[in-house]
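What follows is chain A paired twice: with chain B in the first complex and chain C in the second.
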Partner chain A sequence: MTAEAPAHTPEHHDGEHHTSTGLSNEKLAMWVFLGSECLLFGGLISTYMFNKGRIGPDDVGPNDVFDIPFTSVSSFVLLMSSLTMVFAVSSIARGDLRGNRIWLTTTAALGATFVAGQVYEFTAFYSEGLGFTTNLFGSAFYALTGFHGAHVTIGIVMLMSLLVMSMRGNLGPERAETVEIIGLYWHFVDIVWIVIFTIVYLFPQ
Partner chain B sequence: MTVTDRTITAPEETLALPAGPAIAHRPLGIFTRPQGSEGWRSWLFTVDHKRIGIMYGAAALFFFLVGGAEALFIRLQLATPNGSVIGAGTYNGVFTMHGVTMVFLVIMPMAAAFANYLLPLQVGARDVAFPRLNAFSFWCFLAGGLLLTSSILVGGWFQNAPDGGWFAYAPNTGLLFSPSKGIDFYAVGLQILGIASLVSAINLIVTVLNMRTPGMSFFRMPVLTWMLLITQFLLLFALPVITVALFLLMFDRLWDANFFNVEAGADPLLWQHLFWIFGHPEVYILILPAFGIVSEIIPTFSRKPLFGYHFMVASGIAIGFMGWGVWAHHMFTSGVGPLSVAAFSVSTMFIAVPTGVKILNWLATMYRGRLRFTTPMLYAVGVVSMFTIGGLSGVTHAIAPSDTQQTDTYYIVAHFHYVIFGGALLGLFGGFYYWWPKAFGYKLSEAWGKASFWVMLIGFNFTFGPMHILGLQGMSRRIATYRADEGFALWNMVATIGAFVIAVGVAMFFWNVYVSTRNWRRAGRPDVGPDPWDARGLEWMTASPVPEHNFDEDIQVDRLDHFWHRKYGKDESGRVVRAAPTSEIAHDGSNTNVHLPSPSYWPIVLGGGILLVGYGIIYNLWLAAAGLVFLIGAIYGWILEPADDPDAAGHHDDHHDDDDGDDHGDPDGNGGPSGNGESASAETEEPETEEAATVG
Partner chain C sequence: MATVTPDSPDTAHSPEEHASAGGHAHPSNWLYVKVAIYLALLTAFEVFTYFETVHGWGDTAIIIMLVIMMLLKFFLVVAFFMHLKFDSPIFWRLFVFGLILAMAVYMVMLTAFRFW
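Let's turn to the complex of A and B:
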């Protein structure tokens, strides 16, 4: 349902359109959806924590593959994309369409950098002997981070769709809320990564 | 939480263009939108919550026949010792599909039928918050249901049906023990159904939170609205958990992951925890809609307000929260440890309290009421009594030592059929009788209805009552047969006869639908009137069947049971007297100036894409990839669909269909300035001068 969010029009930006809560339907729907997403990642993170230690002494484990400085940098890149997302929202609210396009592009590019880092990381881990089917740690690690990467990718697609809309002149200040709603999703995905990064990479193995 | 009175806003003002820089407008649409509201096409492309509700109900009844036939096969096989009607392998598939069908394809969509049809009406809205998404939910549900049900047929009769029980314990459902495609169908099918329910839950939550008519504060909402809202929240939070579990199982089976590979060190308890964290809230997902329906029926036919409205709502909310803290009572014998067992024992006993509150409040509502035992009322009373039996046997499960004896016996089967059949299904059937005139404009026959009820109730008790005894005698569930010297023969035969009596009762329901429809048509389709039962909710305040736009104008709600209080007042001596005839209060559906969302091709197209992806994942990843491309294309088609179709006939001249639906006849609604660029600039409609809130 998130993928169709760009189609939603901000009926409510001028505050004249009444809903019972005062929030627009689209924004409320995104909040509700993100509530559900919390449980999805909750389940995956629990599965990871439950399984990460279940490997034999000679198996490839977290300590053998993790490159924390590298992942820290890519995490930093992803967190910065939240900042640029904020700029994208604020620029369109001000009516600065050019700024909006720049920040949308920057956000998508930072997100893409993160995903590229993840692809690199997966390739590197694989070459070090950790495949999806190697052991429980491998299955749980790739499932969790892969799900997150898929979420980031969907976010990038939505940002690019916004950009195309903007190029075609269909993304003006009256649709600032659309950008804001996609921003909510983007920030959520970033916040989840903070949790995942902490639990997967930083917790003592 | 309540909105301010928007009807006093002058239309001239609200139709002004929004301030700010003008944006060059280019329509996003590349396709036209379907038109017309007649014929089968209009059903395929409809986004009307009422039609979607009816389609949910029809689909659920279809799957009910499938699941019922499976139940009869089970009973035939078990009727006599050493049964040989179906083989043991087929038997596994039959009981698994019976459970999965009844839970996911019957009770849940039947509840969704009522939720779709009634939630917008009960809160006084024009439609749900996202009509197209609503249609998508239905088609996605149907895709999942058909995929799951097709497993019975593909590759031979029950050769590829899921065979691991409805809770599909891994690693028993791993490739080693379950090598057919069955569990793949289970995992993929339930994920698709999960998407459908999740989208629907979001949609309905937003509808209830955001689209209540003026004055409809939370504690003026009918109990059914409350129960359905709580159900949607449970779905919202429970579904992602089983989605995770299903993903893990699917990864294990299809791509050799190790989540449930005990050889690699996996713990089988992982699946049980994930499944039951979903599974126990699921139990309340099944029963709460029926509780809501009963809470509507009993006050109407007792001619009394619901006793303890606030307690009813609060107990529903309490069930919603506590439902998350009892899951491990399904796992008392799995070795979760004494501390867990003790904690979950206590929490399970506690959750009986809010449920008991509901039972007592229904009894208190009936106490000294002027009872009318119509068919819906019979079903409601049936729920109260049968659910109490099931609830009490449920409390015996909370006592862990006792549960240890009962686990995996027919005692459990008896228990959950008393709550799910005797509770949820009877309630939903009562709902069919109760709201049938609202949806179709005529009542079902009372005579056939009552007969069908009694046959069903008696058959039900003959089927599942003896299972308590069988369970305590030690008969295991899920066994394909038993020996003659085990002493199970008598009660099994009784249960089998009972099952066929139920089948007769169900057949009588369908016959009733046929006969009542025929008689109504022969009689020249007489109008049943907006309020045939003299009821209380807002849904009775508009014509039957409900016109496409629901209400002619916004209703200004001033208290709980608003409609009732419009109809009845008290005279000087405090006696309840009729204040106004229903015909004066109810809307006649004559306002044709209401903006309605246009129908759309894309929901059903998206559903088809999901079906393709589903089969692709099971059989061929290239097919899945093709389906995914198709799906993404359809999503963009959906986005680019024109919001405003200048050629649209009738009053389908709306703009964006994901707009709010609460603006029936209200000029500052979706035709107003707050609309998107295209509708604001293309606005040609005259501002309506009627006062939208003449009510109150």
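Let's turn to the complex of A and C:
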């Protein structure tokens, strides 16, 4: 598959696409997917909101387990990974392949740091007596943050795939849109965490 | 030789857009850095309100402030990092449709379960 073959290059040089809308079908599909993901996370967040207070007087609750300074740092790490992701997108758009590889690696590393923090947090909560089936708060909390963590992990796998493509010479400036589309997914998991961090961790319990 | 600096010197301090190889305009990296600084400041203020809750601020005031800051962060990322401010409005409409649909469905659900 080469950039020169018209059948495999959906873009004109001026950014127009050979589609009925004039837009990239892949990008359109990603936005539709992200719109549908709002429903998934909306369901999980509202389930958490509904169940977080449904615990007995001696049950383990949010105030017993949450470590806000620790989660604030991991939230900041994920937020900054969005910045490195836009650098990865803009570097490939400029044709800076080395820069693109470095920013992709940095983004994946920041994402992995966030996931490692989440694993540590889950382990700490479990040792403090909050299991998945301990109470409704635990079930809703682990389901919501676990689904989000799974999304971040999938994002890391996609970033590493881009890196492998780049190392093999299959990711040049003509494929900048591929990086941009993966970037959209990455930013989406970031905005979902913005909502989760506020509603789950910072709202007064 | 390609570099890994956020931007080349001619664009590093300019908020102007530049065209990418993909064809559509991207803002300069300096604008992204400014957005990231705003995001970091908003996050710091969010965390500050948590500790102020401990010192006795009213819950309703705290929740309203947190929601405003959360929305600001949300729209900064969507508009600038996800390029919706610079991209086709169709993408914006598709995403907002999903977002509003999700909010409406779950507001109805929470109301049906007498959450409020």
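Criterion: the second predicted complex is superposed on the first by the 189 of 205 C-alpha atoms of A that agree within 3 Å, B and C clash if a C-alpha of one lies under 4 Å from a C-alpha of the other, contacts with A are read in each partner's own complex, and residues count from 1 in each chain.
The rule we apply is simple: a residue touches a chain if its C-beta (ideal position, glycine included) is under 8 Å from a C-beta of that chain, and two chains touch if they have at least 3 such contacts.
Keep in mind that what you see is a predicted model, and the values were worked out from it rather than measured.
In the superposed model, A:79 lies in contact with chain C only, and not with chain B.
Shared-chain residue A:51: touches chain B; no touch with chain C.
By the touch criterion stated above, A:133 is placed in contact with chain B alone, chain C being left untouched. When both complexes are overlaid on chain A, the residue A:62 reaches neither chain B nor chain C. After overlaying the two complexes on the shared chain, residue contacts for A:95 are found with chain B and with chain C alike.
In the superposition on chain A, the residues of chain A contacted by chain B and by chain C overlap at 11-14, 16, 21, 23, 28, 32, 35-37, 39, 42-43, 50, 95, 173-174. The part of chain A that touches chain C in the complex is made up of residues 11-16, 21, 23, 27-28, 31-32, 34-39, 41-43, 45-46, 49-50, 68-69, 72, 75-76, 79-80, 82-83, 85-87, 89-99, 102-103, 173-174, 176-177, 180, 183-184, 187-188, 190-191, 194-195, 197-199, 201-204. Of all residues in chain C, those touching chain A in their complex are 1-8, 19-24, 26, 29, 32-33, 35-36, 39-40, 43, 46-47, 49-51, 53, 59, 62-63, 66-67, 69-70, 73-74, 77-78, 80-83, 88, 90-91, 94-95, 97-99, 101-103, 105-106, 109-110, 113, 115.
The touching residues of chain B, counted against chain A in their complex, run 1-4, 6, 9, 14, 18-21, 23-26, 28, 129-130, 133, 198-199, 201-203, 205-206, 209-212, 216, 236-241, 243-245, 247-248, 251, 255-259, 261, 264-267, 270, 274, 632, 635, 638-641, 643, 656, 658-660, 662, 668-670, 672-677. Against chain B, the residues of chain A that register as touching in their complex are 1, 3-4, 6-14, 16-21, 23, 25-26, 28-29, 32-33, 35-37, 39-40, 42-44, 47, 50-51, 54-56, 95, 132-133, 135-136, 138-140, 143, 161, 165, 168-170, 172-175.
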